[in-house]
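Chain naming follows the written order as A, B and C, and within any one chain the residues start at number 1.
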Amino acid sequence: MGALLKRDILIAIRSGGGALTGVLFFLVVVILFPFAIGPDTGTLARLGPAILWIGALLASLLGLDRLFAQDREDGSLDLIVMQAHPMALTIFVKAAAHWLVTGLPLVLAAPLFGIMLNMEPIAIAATVTTLAIGTPAIAFIGTVGAAVSVKLPRGGLLISVLVLPLVIPVLIFGVAATIGALEEPAPFTAPFLLLCAVTLFTAVLGPLAAGYMLRHSAD
Amino acid sequence: MKLTVKNLCVNRAGRRIVSAVSFSLRAGEALVVTGPNGSGKSTLLRAVAGLLPIADGNATLEGCEDDPLREHCHYLGHQNGLKPALTARENLDFWQHFLGSPDSSAKEAFEQLDLSHALDLPVGYLSAGQQRRVAIARLLMTKKAIWIVDEPTTGLDKASAKLFTGIAKSYCASGGILIAATHLPLGIGKTKSLELAPHKGVPA
Amino acid sequence: MATQTKPSTEGFWSFANPSKFMGFANRTIPALAITTLIALAAGMFMVLNAPEDYQQGSSVLIMFVHVPAAWLSMMIYTVMACSAVGTIVWRHPLADVSLRAAAPLGAVFTFLALVTGSLWGKPMWGTWWEWDARMTSVLILLIIYLGLIALSRAFEEPAEGAQPLAIMTLTGFIIVPVIKFSVNWWNTLHQPASVMRFDRPAMDAAFLYPLLVMAIGYSLLFFTLHFMSMRNEILGRRIRTMKIANAQEGR
């Protein structure tokens, strides 16, 4: 399994561009907000956590359609599903590799974008923390979307439509925890723990469903 | 060790592509599957490899009934299962780790396939024939009881095809079971053959 | 020709047994349709004779259309989830047919629930749309339905889409309670003070009975439409299989 993690990360680094494009997309989405709601720094700072979360959420969807499609096209998927390894574990590792090369760069880029949005240091810290915990859930749920549309030549848009409604809880708890860390009456611990719970829940559910899908619908 | 395929039927898209195929292979025996395009050669091979659901009949490996047959198979399909961004050695090292039970090292396998010079080149730089040879080298990296190869010599020149024949021969000599869809005479002593007729597109 | 088409109706469908379903559907649909009409007519009669609510006036009548639709939006998803289990566990083609046939019906009832909710909300809340926990959850459910319909249409070959559709439906089914919980949570966090809350008083029997009859009528309507839609789906697939067989014959 370590070999799979290493391979997927190496491929992403070698073929290049994937992580950078994701961060770039994130940046573009963030930049769109001042144009849409005006350059008022107070408003931007207040909406900052929400803007960063929306941007990261959308950027996390990029590349999900290639998660298994690439392995299917070059024949690797056949060999992967033939082995005795539990499929859920294989998918979990693939999702983890995917997050490390696409999700983690988003989390690391978020502070910079936070400064651009005039956010307080504590707001930036809270957003980055919740993003770090929440974005893996998108990758885990994304595995299901990627698995069900693996045979479709243009599955990208469909994956977004299927996955986005299912990650609404991640967005809700992620933003709520961030706000909770900043504003007094709003709770922090409850949404933060719920966010962790959602991520753990999807870490089990996503790979199980996707693994079942890939092993039992080979063609 | 004996592979028995009994009355195997496979459907695709609601039509029966493979109907009632039976054969059995002992250790060291090879089966060459022939037939015109669309006769279901690939479908048969994929079904034995566990990559397609079997509609009727069964395929079992004596002595290993407890785990799925696919875990005992090497499968070389039309695609090579290689990543162009990784070097040949990285590709093979990955498969050796992932497939388990290492046999020979990448270096040995490459010497057998006359590929030593390509070991540290990204697979994307290699020609189609070289890529195919890298994929064949994968079969040597880990021990599996059965090799299922689909047109293994596609893209290979005569000399490389001969190399493959040699490798297949020594695999069978060491007690392996080989199933190949190919028009190439394998030249292995105990070769059985199976000719598939074109299916008539009969709804299954 | 007869010998050519015979295997096509037996072979693929023999293990599926949709032929038996077709017979069953042909017999039951008329009876179901008549029962539906009677139940809906009785429900309407009872609704129109129900007393007016002192608070909401005649706009309470919308509730008799709205509440059963909202119930059905959840029941139909449950039917789809059961069909998904049928596809995954038994690989029964009829289960896939049932799932596909139910999805558009579910979307329609969900849409009806949203529209009637919105119509009811205009006089009550003063806006067409209020980001209230219930309505927001139902809206997300509608999006999930539409996503599943899009997925079901994306596959050229219906048999290929069966497993993906079932897996996605079931995953959605497992996550929907989480979504519902999170939306409720979000709503209590952002409770706008200006909104007039509609706290449901203990329902009077005068309202409850018509509502129950309407719910039964709606459910019967769904089952009638579901059976009809399944019958269409099966016929559509048979036509497809025959066309393919024809195309290959002419080769």
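Heads up, the rule we're going with is that a residue touches a chain if its C-beta (ideal position, glycine included) is under 8 Å from a C-beta of that chain, and two chains touch if they have at least 3 such contacts.
On a predicted model such as this, the values are computed, not experimentally measured, just so you know.
Taking B-C and A-B together, the chain pair joined by more C-beta contacts is A-B. Ranking all chains by how far their C-alpha centres lie from the centre of subunit A, first place goes to B.
Distance from each chain's C-alpha mean to the overall C-alpha mean is smallest for A. Centre-to-centre spacing of subunit A and subunit C amounts to 31 Å, using the average Cα coordinate of each chain. The centroid of the Cα atoms in subunit B and the matching centroid in subunit C are 47 Å apart. Chain centres here are Cα averages; for subunit A and subunit B they lie 37 Å apart.
Taken residue by residue, subunit A touches two or more other chains at 216, 219, whereas all remaining positions touch fewer.
Shared interface positions of subunit C, i.e. residues touching 2 or more other chains, are given as 160. The part of subunit B that touches subunit A in the complex is made up of residues 12, 46, 49-53, 67-68, 70-71, 73, 75, 77-83, 85-86, 90, 93-95, 97-100, 122. Interface residues of subunit A facing subunit B in the complex, by the touch rule stated above, are 2-4, 6-7, 10-11, 14-15, 73-76, 78-85, 216, 218-219.
Within the complex formed with subunit A, the residues of subunit C that make contact are 88, 140, 143-144, 146-148, 150-151, 154-155, 160, 163-165, 167-168, 170-172, 174-175, 178-179, 181-183, 185-186, 189. Listing the residues of subunit C that touch subunit B in their complex gives 7-8, 11-12, 157, 159-160, 241, 244-245, 248-249, 251. By the touch criterion given at the top, residues 11, 13-16, 200-204 of subunit B touch subunit C in their complex.
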